[in-house]
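Consider the two complexes below, in which subunit A is the common component and subunit B and subunit C are the respective partners.
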Partner chain A sequence: MTAIRRRLVPYFLLGPGLIWLILFFVVPMYFMARLSLEEGTLTEGFRFTWQFSNFTDSLAESDTQFVRSFVYAGVATVLALLIAYPLAYAIAFRAGRWKNALLLAVIAPFFTTYLIRTLAWQTILNDTGVVVDTFKTLGLVSEGGRLLDTPGSVIAGLTYNFLPFMILPIYASLERIDQSLIEAAKDLYSSARTAFWKVTLPISAPGIVAGTLLTFIPAVGDYINADFLGSQNQAMIGNVIQSQYLVTNDYPSAAALSFVLMALILATVVIYIRFAGSEALMGEEARRA
Partner chain B sequence: MRKTWKIVLALLALAAALGIAACGGGDGGLEEGASEEDVETAAAKPIGGEWTISNWPLYIDNKTIDEFDKEVGATTKYIEDINDNFEFFGKLRPQLQNGESGGRSMFVVTDYMAKIMRDLGYLQNIDKSAIPNVEENLRVELEAPDFDPEREYSVPWQSGFTGIVINTDLAPEIDSIEDLLKPKYEGKVTFLGDMYDDVSLVLKMQGADPANASEEEWNKAIDTIEEAADSGQIRDFTGNAYAGPLVKGDIVAAVGWSGDAIQLQADNPNVKWIRPAEGCNLWSDNMVIPVGAPNPGTAQAFMNYVYDPKNQAQIAEYVNYVTPVEGTKEVLEKQDPKVANNQLIFPDEQFTADCTPQAIPDPSFEDAVTERYQSVVTG
Partner chain C sequence: MNGMAVESARIERSAPARAWKWLRENAITIYGGFAIAYMLIPIAVIAVFSFNDPAGRYNFTWEGFTLDHWSDPFAITDLTDAMVLSIELAALTTLVSTALGTLLAMALVRYQFLGRRASNFLIVIPMATPEVVIGAALLSMFLLYGVSPGFNTLFIAHVMFQISFVVVVVRSRLIGFDRSLEEAARDLGADAFTTFRTVTLPLLAPGIIAAALLAFALSIDDFVISNFNSGTTVTFPLYIFGASQRGIPVEVNVLATMLFAVTVLAMLFTIWQQRRAERLAATRPEQEQEIETTLALAPGQGRA
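Then we have the complex of A and B:
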C-alpha cells in the first residue's frame, strides 16, 4: 500500500500543473484550431468546413507584417543582448555593495504598467522633443525628419520593454559562476580576455539563451509598441491579428494567423536551440542527465 | 504503475468532457439575421430598482445620474467601458449571441454599430409609449436616419461632427480634406482609422454621395487613402489619440471630432475644429436596449428623462457634443450663453448644410470593403 502511494506521489504533485495546462492551454488551443478551419462571416455565421485556405490566404496577405515582426524582434533581441550582457556582468562582478540597488533599478520600471511606459516613449521621442533635437544636431536625423512612427522607434520600444527579461537570466547565470574557475584559468597563464571567452562566456551561455528566448518570443507577437510608437507602415503581425479579431471580426483568419505565428516562432526556437545546443539552455543539468 | 496511467487517462477524459461541453455551447454558429417578427419590444414597466448602463468615458456630467435615481427611485450602475465600437462589440458578442447582455440594461453605440447589432438580432425595440419626451423633443434631422428610419430601436445620446482638427499655429490655412493630401503636409496629418468616418470624407472629396456610394466609389476612396498611407502622407491612423500629437506639433492637422476639439481648445487655444470645404460627417451615438437586458423599464425611463431639455442642458454643458434634444438651447441661453451660442454644440441649418450622415456600405460589399480598409490601416 505504502509502496503504491509513494509511487503515486509525483503524479499528485504533477496534477495541479497538468490540470492547469489542460484547462488553459490544451482546451483553448483546440478551440482555436477548430476556429481557424471555419468559414463564413459574422452576419451569416461561421461553419466548420476544414477551410485550410484560411492559413494560406492569411499568410499570403500578411507576409510583410510577418517579415517585419521577425526582423524587428530579431534586431531588438540583439540590441537587448548587447546592452544587457555588459550590464549584467557589471552587476554580478563589479557592483559591490550597489548590487541590490542596481538590480532594483533593473526591475523598477515594472512598477509602472507596460502601457504607460510605452506611452511615455511617445512623449520622449516626439518631433519637437529633446531627443529628436539632439539627434538632428548630431546629424543622425535629417532636418524635418522624425523618430516617432519609424521602424527605429518601434525597435527601440521593443528593446526597452523586454530588456529586463534579458538582463535577469544573464545576471543569474553569471552570478553562479565559481570565481575559482576564472582564477584557475589565469593561473594557467590565460589572459583576462581569454579567460572571459573560454570560461565566463560559455558558462553564462544558458543565461544568454534563456534571455534571448524570453525577449524574442514576446517581441515577435507584440503589438503595443507598433501601435503606439509606429504607424501603419510599421504594423506587426500582432496588430493584424488584433484588428482581425476585434475590428473586422474575421475570427477564422485571426486564429489561423495566430497558429502560423506560433509555428514560425516554434520553428525559429527549435533551430536556435539546435544551433546553441540544449546544454546551453539547461546548463550543467542537461549534461548530468 | 497501472494506476498512475489511470489518473492520466482520467485527466484526459476530463479535458475531453470539458471540451465537448464547451463545444456544444459555442458551436451553433450565429443565429440568422433577425426577421421583423421575432424582434421583441422592451417592457416599459416596472420602473425603478437596479439597472446598468455602459457608456463612453466622459460622456455625462456628474449630477444627472444621482438626480435621476432620486426621481424614479432607481439605483443606476453607470460603467464607462466603451472605447471603441468594434472592440466593445467583439467583447460582448459571445454573450449577445446567447441572448444575454452581460447584465447591461442599455448601452451607447454609434449609428453603424447599432445597425450591425440590430441585423444580428441583438437589440430590442423600444416601447414608444414609454418615451414621450423623445417623440416630442428629438431634433428633426435625427428623426429618420437610414439605418433606423422609424427610430424603432435607437435613441440618440449625443451627436457630433467629424471634420478636421488643426493646429492654428502650424497650419491655419488648411480647410479641406484635399489639403490634407497635399505633399506639403507629408507625414504631418493623421486619419482616424474608423472606416465610416475616413471613407465618408474622402467620398465627399471625390464628389460621391456617401449615402448612395457604389462599390467602385468606395474602392476608389480606399485607394486614395491606401496610397496616402503607404507613401507616408498619412502619418498614422490614431483612433481618438490624435490630441497629443496635434498639441505637441508632431502633426499639423487630423481628421477628428467636434466635441473633442471644444474640450481640447479649453486648454490649448491653438487647436480648432473646422468643417472641411467638402462638408462634414454627422453621426450619433445611440442608446440601445440589448436582448436579455435586465430592467428595461428603467432604461426607457432614463431615455425619457434625458430628453427633458432641462436635464439635457446639464449634460450638454458638460460634454460639448451636439445635443439631439430640441429646446436645450433655450434652457442654456439663460444659464450658459457661451455654450448656447457655440455653433459646434447648437449648429444652425446653414452650418450643417454640407454635413451628411456617415456612409454605411451596402451589405453586398460591406465585408469586402471593411477588410480592405483594415488592411490599409494595418499596413
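Then we have the complex of A and C:
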C-alpha cells in the first residue's frame, strides 16, 4: 500500500457515515436556524427577514415552561442518581453469581416501548388506583386529591424512564474498579466508609458524570411524561415546541425555541463538565487510548 | 470482610443488636432489591392488564380476568400493520446504521488523521441534542425542500440518530482489541481483506451485534423524532400515542408483554450461548466477556 493510499483510508471509512450526519444533522440545523428568523404563516408562506423578535417573543411567552423543564429534569436526575448508584453498587459488588441475571432484570423493562411504560405509570397513579388510595389513608394525599397531573407524577415518570441511562454507566465504571485498591485502602487502616469516599467514589466519577448527562439531556427535552402524566400546568418546553410545530404550525417560533433549548442545554453541560472536571468524563478513554 | 469477621467473633451480641448489624451490612442489598422491584412493577402492571376485561374504552381499572385478548392478539389490523412497519423500518435502518457506524468507529480508533476531533464532535453532538430539536430540525429541512414526510424520511431520521450509538458501542470493543492477532495473520501471508474477514470481523462481532441490537431497539422505540417526520405513516409508538387519546386497546398490552418476553428470552439465550462459547474457547477471562454483552446493549457505557 502506498503512503498516500494509506493516508486516505480513514477518510474512506469515515465518508459514508459523516456525510449522512452532515446532510441529516448539520444541514437541518442550518435550516432550522434560518427558519427561526423568518416571518409569515403557513398559508401565506414564510419569508426570511432576520426576524429576531421570534426569539424574544417566544421566550417571553414560554419562560415558565423553560424553567419548569430544567427544574423537573434536574430533580429527576438527582433522584435517578440516588436510586441508581446503590443499585449499581449492589449489582457490581454484592450480587455474586446473580450479577448477570440482575443486570438483565434492570435492562429488560426498557425494551418495552417507552410510551407503554409511561402509560403503565398512568395506570398505577390513576385516580382510582391502589396507590392513590394508600396515599390517602396515610394522609399523604388529601381527600379528593390526585397523584396524576402533579409535578410529582411528571418527575416520577422522567426519573423512571431514564434510569437505565444512569445505572449502566455507573455500573460500568464500578465494575472496572480493581478490588485490590480498596483492599489497599483498608490495609492502610481506612474504614469501609473512608475507603468508599476516597477510593470507590472518585474512581466511579466518570460513570456518574456520564450518567447524569445521559439522564438530564433527554429529560429536559421530553414531552411524553408531561403529556401522559401531567396537565397543562406541568407542560414542559418540549410540549410547547411540539404543539407549535405540529398543531399550530408556527414554525418560526418553534424553531427559535428549539435553538434556545439547545443553547441552554449546551451551556449547562459545559458548566457541569467544568465543575466536575473534564477528565472525570474523558479520563477513562484518555487512559485507555 | 476480614475486619467484620474478626469483629463479630470478638463479642456475642444481643438479638436486636445482631439484627441491626445485619441490617447495616445488607442495607445496600436490600435497597438494591427495592430498586429492582420498582423497575419491574410497571412491566408487571402491563402484563396483568393484558388479562383485563375493561368495561369502557379505557384500560385503567381492573374489571375482571379474561383470556380474550390473548386468543387473538393481532385482531386489530391497524395495530398489527403499525407493528410490522416498525419492525421493517428497524431492520432496514439497523442494517445501514450498523455498517456506517462500524466504519466510523474503525477510522476513529485506528487512525490518526486531520479532522479526527471534529469527526468525534460531530458524532457525539447528536446524542447531546434533545430529540425534539433533532425532529424539528429535520422537519424544517424537509419542509423547505418540499419533501413530504413518510417512510423515506423516517428511514433517514432513524439511521441518523442510530449512527452515533453504534459508533460508541463498536468503539468500546475496538479499544480493547489485540492488534497483534491481525499482525500474526499478516505474517502468515494473509492479505488485508482476508485478515479483516477472518480475524478482525469475528473478533469484533460481539460489539457489532450489540450495536445492531441497540440500534434496532432505539428505532422500534422511537416516538419523538418519528412523530415529527412520519407524515401519515404510522409506526408502533405512533399508533400507541394516537390510541392513548381515545383509549388504548388491551391488545397493546398483549403485544407489549409478548415483546418483553421475547426480548428477555433472546437476552438469556445470548448469555447462555456466550457461556458455552467461553467454555469451549476459554481464551479470555470469563467474567469480562459476559458482562460486556449485557452492558453493550445499552447506550452510554462507551462514553463512561
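Everything that follows uses one rule, which is that the second predicted complex is superposed on the first by the 281 of 289 C-alpha atoms of A that agree within 3 Å, B and C clash if a C-alpha of one lies under 4 Å from a C-alpha of the other, contacts with A are read in each partner's own complex, and residues count from 1 in each chain.
Definition applied: contacts are C-beta pairs under 8 Å (C-beta built on N, C-alpha and C of every residue); 3 or more make two chains touch, one makes a residue touch a chain.
On a predicted model such as this, the values are computed, not experimentally measured, just so you know.
Looking at the shared chain after the overlay, A:126 reaches both subunit B and subunit C. By the document's definition of touching, both partners, subunit B and subunit C, reach A:245.
Look at A:275: by the touch rule set out above, it reaches neither subunit B nor subunit C. When the two structures are aligned on the shared chain, A:22 is found in touch with subunit B and with subunit C. Of the two partner chains, subunit B is the only one touched by A:4; subunit C is not.
Of the two partner chains, subunit C is the only one that A:13 touches; subunit B does not reach it. Number of subunit A residues touched is higher for C, counting subunit B against subunit C.
Looking at the shared chain after the overlay, A:31 reaches both subunit B and subunit C. According to the touch criterion, the shared surface of subunit A, contacted by subunit B in one complex and subunit C in the other, consists of residues 7, 11, 18, 22, 26-27, 31, 34, 122-123, 126, 128, 245-246. Within the complex formed with subunit C, the residues of subunit A that make contact are 1, 7, 9-11, 13-14, 16-18, 20-22, 24-29, 31-32, 34-35, 83-84, 86-87, 89-91, 94, 99-100, 102-117, 119-124, 126, 128-129, 160, 163-165, 168-173, 175, 186, 192, 206-207, 210-211, 213-214, 217-218, 220-224, 228, 238, 241-242, 245-246, 251, 254-255, 258, 261-262, 265-266, 269, 281, 284-285, 288-289. By the touch criterion given at the top, residues 1, 3-4, 7-8, 11-12, 14-15, 18-19, 22-23, 26-27, 29-33, 84, 86-87, 89-90, 93, 116, 119-120, 187, 229-230, 232, 234-237, 244-245, 248-250, 363, 367, 370-371, 374-379 of subunit B touch subunit A in their complex. In the complex of the two chains, the subunit A residues touching subunit B come out as 4, 7-8, 11, 15, 18-19, 22-23, 26-27, 30-31, 34, 40-48, 61, 64-65, 122-123, 126-128, 146, 148-149, 230-235, 239-240, 243-250. Across the complex, subunit C meets subunit A through its residues 3, 28-29, 31-32, 35-36, 38-43, 45-46, 49, 59-61, 99-101, 103-104, 106-108, 110-111, 113, 116, 119, 122-123, 125-126, 128-134, 136-141, 143-144, 156-157, 159-160, 163-164, 167, 175-176, 192, 217, 220-221, 223-224, 227-228, 236-237, 240-241, 244, 248, 252-253, 256, 259-260, 263-264, 267-268, 271, 290-291, 294-295, 297-301, 303-304.
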